[in-house]
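Dropping the structures in below, format is structure tokens.
Look for chain A in each of the two complexes below; its partner is chain B in the first and chain C in the second.
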Partner chain A sequence: MSDAATYVGEPFDDKLVDRKLVLWYFLAAVTFFAVSLLGGLLMALQLVRWNPLQGIELLSPGRWRMIHTNAIAYGWLANAFLGSLHWAIPRLTLRPVANKALSWFIFGAWQFVVLATAVGILLGEAQGLEWGETPVWIDPLALVGLFLVAVNFMAPIAQARGPLYVTLWYFMAAFVWTFLTYAMGNLLPEYWVSGTSGGAIAGLFIHDLVGLFVTPLGWGLMYYFVPILLKKPIWSHGLSLVGFWGLAFFYPLNGIHHFLYTPIPMFLQYGAVIATVAVELVVTTVVINFFGTIWGSGRAVVTNLPIRWFYTGMVFYFITCLQCAMQVTLTFQALIHFTDWVVGHAHLVMFGVFSFWLIGIMTYLIPRLVGCDWYSRELCEWHYWLSAGGLLVMFVDLGLAGMFQGYFWASLLPWDVSVDGSQPFWIVRLFAGLAIIGGQLCFFYNLYRTLTASRGATAHV
Partner chain B sequence: MSNSVLADSNASQSTRLRRWVTGGLAIAILIPSLWGFGSKFVEFIALYRGDADGAFAISPIVNYLLASFGFLCLFGWATFHGMFRDIEAPKYAMLETERQLDAGATGGLSASVGVGCASTVRLALADKPPVAPIA
Partner chain C sequence: MFESKSGVLLIGGLGFFLLAFVSNALVPIRMYQNMPEQTVQQLVNENLLYQFEDLHKRYPESFEAAYGKPPADEAAQPEWYRAKCADALILGRKSYVAEGCWHCHSQFVRPVSREAERWGEVSKSWEYQNELQRPVMFGTRRVGPDLTREGGRRSNDWHTVHFFRPTMVSEGSPMPEYPWFFDGDPNRPNARGLGLITYVQWLGSWLESYPYYEQFQPMATVNTGDDDEQ
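And then the complex of A and B:
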């Protein structure tokens, strides 16, 4: 277990960072993470024909699946990002956020948005947009929330003098992109753009949610936490800016690649294919930069647990982007479209990359937030190995399942044959998922015991 | 011929060569790119005009152009405001800021990761071993 994940009792300026708020964001994130895991487990059980909630309409698998994805995107990732931003931005700019009361208001409002989304989905009010199933009446509230987030964080960034560190570039872009992406996906197809055109917008929304909300925040945080944990600067700041501007110009057109072989004009589909391959080149510059940074300190991956989470996520990120560059080719897409390959890909991105990074950040920050060390170092190790091992098995398993399903469908056999043929893969996926859940249970228990212990410890902050 | 005249002559030849290479590359890259973009744009207009439902292709294109144009403006603004002048400076300043925050010395810090003290910070870091042990 890492020394870097232990509490070293450094002095800290409480006026800069609201530690209590960061901790509350993390606790909210972890709570929704648990809900999402439960949703995933129920879906896995449904696929192996053992649904414990059979016949209960409110808890039907289709609704649980949406709870699973929405809780991850808006409950887990968004809360964990907001907590991390409340730590990183004031420390990078040496200025607190615009208004601390506003921060607390946003915290409360965001939990309301996520909870209302869950209730709305369970009651059958889901909007017909993948990963944007938030009921339509919540969309304006969520947009106001995102706008307030941007105002609150942009104030300290705008006051920063001189050339900006790359993290702040990523954050600034994310605040603008997230607002625009959410508005585009949730409002345009609902009210103005219908039919195939709405489908094209939905494609942009799904992918931009990953590339323009999660990715810039994730990479921005990595550019901040990796150097301070390794205690050395990023290998090339210039290259990091190439990565940022490459993302800005190449990413927005990618989303159409979700709808290859549809009535969307082919030149738009080709454009998406080329833009996706171009993004892979941008990704390569980012990955080279981070591996250049750790060059000569490779042992940190063994000794430093947050760094291990970060770099495992980066390897998964490279794999997932490489997959992306392959699977957007028309030939490959014909095989894997609508199959479990895509599900494996999505799990690698959302859990293997961004969740790993956020868990690494929490592993590093929680001792600093609560003022005492993790309750158990062994549980931290179990958390890592069960998560990484379980995910790897799930990813390979779903990739294989996807290819089998693709060939079943291409051979024009009855649908049932492909479902029966998928059973062995879905059973393996269930156990891989149980391993992941086991890892998170270690984390939750460790966190609970750490928080309990921290109450008795003398806060040295 | 004196050494300085020789050096000037070599520098002038080198500049000329660089201009030729840059110009050649610009032509080799820009002409096919513009031709490709232009022909696709013509195809797009034809689709828009010829097909009753062709207008739907406009929405993703407009989305992309709007987003990209905003970032093109931001890129121009950043360039003219010297954001890329001393391009490696912020990474040293950020680390130094963190070091001082952890040491509790926030009082003396005045700005951000892009502060003008970057060169001082770099010198300070240069005194340290390149790979600090994980503490």
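And then the complex of A and C:
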């Protein structure tokens, strides 16, 4: 079985990569992932009116909804990305990060930021900015953290000689973008700009967080791991260039499409719509590039679990983006804005694409980090199928729900009709969510057994 | 240039980000710079004061526990109510943000999907140029209805019962219960509860066609659309 999820016992250079740190990042990521799943579950139960824990302040579904999204963005994705970067950047540049003590300090500081965010939200200190509900007093600390991350990783990149690989373009830009995005979104609409123009900035923030933090890190890692796992170079260097520069130019111009039909000036809304359609064209070139790469090695999708996670994510990515190009038009917005369609879209991106990629990376790296195989290959398979199946059902279900809701509202029937009409969809969504959670439980258990097994193994050596 | 470190950092990282910031953020900021931001005190209007004083009448003990007694001198009372009302708005908005109300309710009426017929006038920029819209509460999801024209649509006692346990007035509502805005009973809203109700009553109170006084009709009888009304 040629399976990249199987550890082959290659020699390891611990001077380059701090494996313990990578592992710790992954464990932190997984912990917050679990917290986030609980938040999602609570809200799903609330909507179908089966919430058994009504009326408890610290379990307020609205607060847990914010924990759900923030734990995903800052607890799960950010930690998993940082762990992966600590693996990829030193190996790509053949140089360690600027300072190992600093790395550990950042690790601790970031966990503090995420925990404080969660506690702050629970205690009712949220900031009124979507995806940026981090209480205002944590924002400066988070910015310092992001700055140190950039410094720590830029050192090896700056020293690297010769032509720079695609992955590093994405990473370098992402360090700048993430810092700027976070500062712009969390500071300006709170302290400086109110009302409609503040809304324009909030739109930029929501979108840039996906487009300029998560997306470039995600694609950068794909450009790194896919050729390694498939043992062949990326299909077209030219297309990589188109993808990177297209993203860099068009993505930042999209933000206002989150607030179409608001009082934000209409010409800016049109601009955002056009830029969004342009992004979809750019994205298509990237996806083509990756399918060109796997062309001829298609069986890897069956045998090689990480590759399967990666390419499933890419298919979902393509669907997401196709969806974007349609739903961003004003015609479509009139119907689906504010509905569950958008919720389905968000789950497809954040879970189906970026989480799938990171899970793929973990599936590949964890055996290499702990020095022993996954406890159970079968549980790995369950993890995949429950996640992919659950997500697909959720996505289709919420998309349909969204269209129904849109038509209910436009029909001017009383509001409750739309709420009652959503119930069947929300019930299906609950079960789809439970399938996803089931998949992650397989993952957590498998991880736990793998870790204990590895500890036993090293103790015997 | 396209593959060099400085190109990626300066043009891609910094340059394009700034380009977007200038065109998508600075442009609207410049456009609205002559529309001054109203302070919370300026937002307190007669419609809202009517509701705020009504809260005092309905829940005198709770109200006075939260805000104290109004001054004995009648001439000083309007000022006092205004000041307390502004405090209530600030606290109310804080709860609105803290509970994630804005993730289930939007605050803008769109010019499409017959929203103006359901909720009233399409939202305009000036309505958002104030301290309570920092950051703006547009919202991106509607599980419940839009709230930007909510003020005056319902009475204060409807809201207390609804926040205490939504299903008591709205059968099958998936909206969460908020008993922590009360001292154990819907008739005893605490400071946060009074603040939240004030905030909700404020929404839309700045418009002239405030539904409670003028042309409010129950939802189901609002004209259903196409026929011309001249």
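As a convention for this text, the second predicted complex is superposed on the first by the 455 of 461 C-alpha atoms of A that agree within 3 Å, B and C clash if a C-alpha of one lies under 4 Å from a C-alpha of the other, contacts with A are read in each partner's own complex, and residues count from 1 in each chain.
Simple rule for what comes next: contacts are C-beta pairs under 8 Å (C-beta built on N, C-alpha and C of every residue); 3 or more make two chains touch, one makes a residue touch a chain.
Everything quoted here is computed from the prediction, not taken from an experiment.
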| item | value |
| --- | --- |
| Fit or clash - chain C, chain B, common chain A | clash |
| Partner chain(s) touched by A:256 [first = chain B, second = chain C, both, neither] | both |
| Touched partner set for A:93, first chain B, second chain C, both or neither | first |
| First, second, both or neither for A:335, with chain B first and chain C second | second |
| In the superposition, chain B vs chain C on chain A residues touched | C |
| Partner chain in contact with A:200 - chain B first, chain C second, else both or neither | both |
| First (chain B), second (chain C), both or neither touched by A:296 | first |
| Which superposed partner A:409 touches (first chain B, second chain C, both, neither) | second |
| First, second, both or neither for A:60, with chain B first and chain C second | second |
| Chain B and chain C contact sites that coincide on chain A, given as residue numbers | 163-164, 173, 176-177, 180, 184, 188, 193, 195-197, 200-201, 204, 241, 245, 248-249, 252-253, 255-256, 264-265, 268, 271 |
| Of all residues in chain A, those that touch chain C in their complex | 46-49, 51, 54-55, 57, 60-63, 65-66, 124-130, 157-158, 163-164, 169, 172-173, 175-177, 180-181, 184, 188-191, 193-204, 206, 212, 241, 244-245, 248-249, 252-253, 255-256, 258-259, 261-265, 268, 271-272, 333-335, 337-339, 342-343, 406, 409-410, 412, 414-416, 419-420 |
| Residue ranges of chain C touching chain A (in the complex, touch as defined) | 2-5, 8-9, 11-14, 16-17, 19-21, 23-25, 27-29, 31-32, 35, 37, 94-95, 97-104, 106, 108, 110-115, 117-118, 123-125, 127-131, 133-145, 170-174, 176-180, 219-220, 222, 224-225 |
| Chain A contact footprint on chain B (complex, rising order) | 40, 43-44, 47, 53-57, 59-61, 63-64, 67-68, 70-71, 75, 82-95, 97-98, 101-104, 106, 109-116, 118, 125, 130-135 |
| Interfacial residue positions of chain A with respect to chain B in the complex | 2-4, 8, 10-13, 16, 91-95, 159-168, 173, 176-177, 180, 184, 188, 193, 195-197, 200-201, 204, 224, 227-234, 236-238, 241, 245, 248-249, 252-253, 255-256, 264-265, 267-268, 271, 296-297, 300, 303-304, 307 |
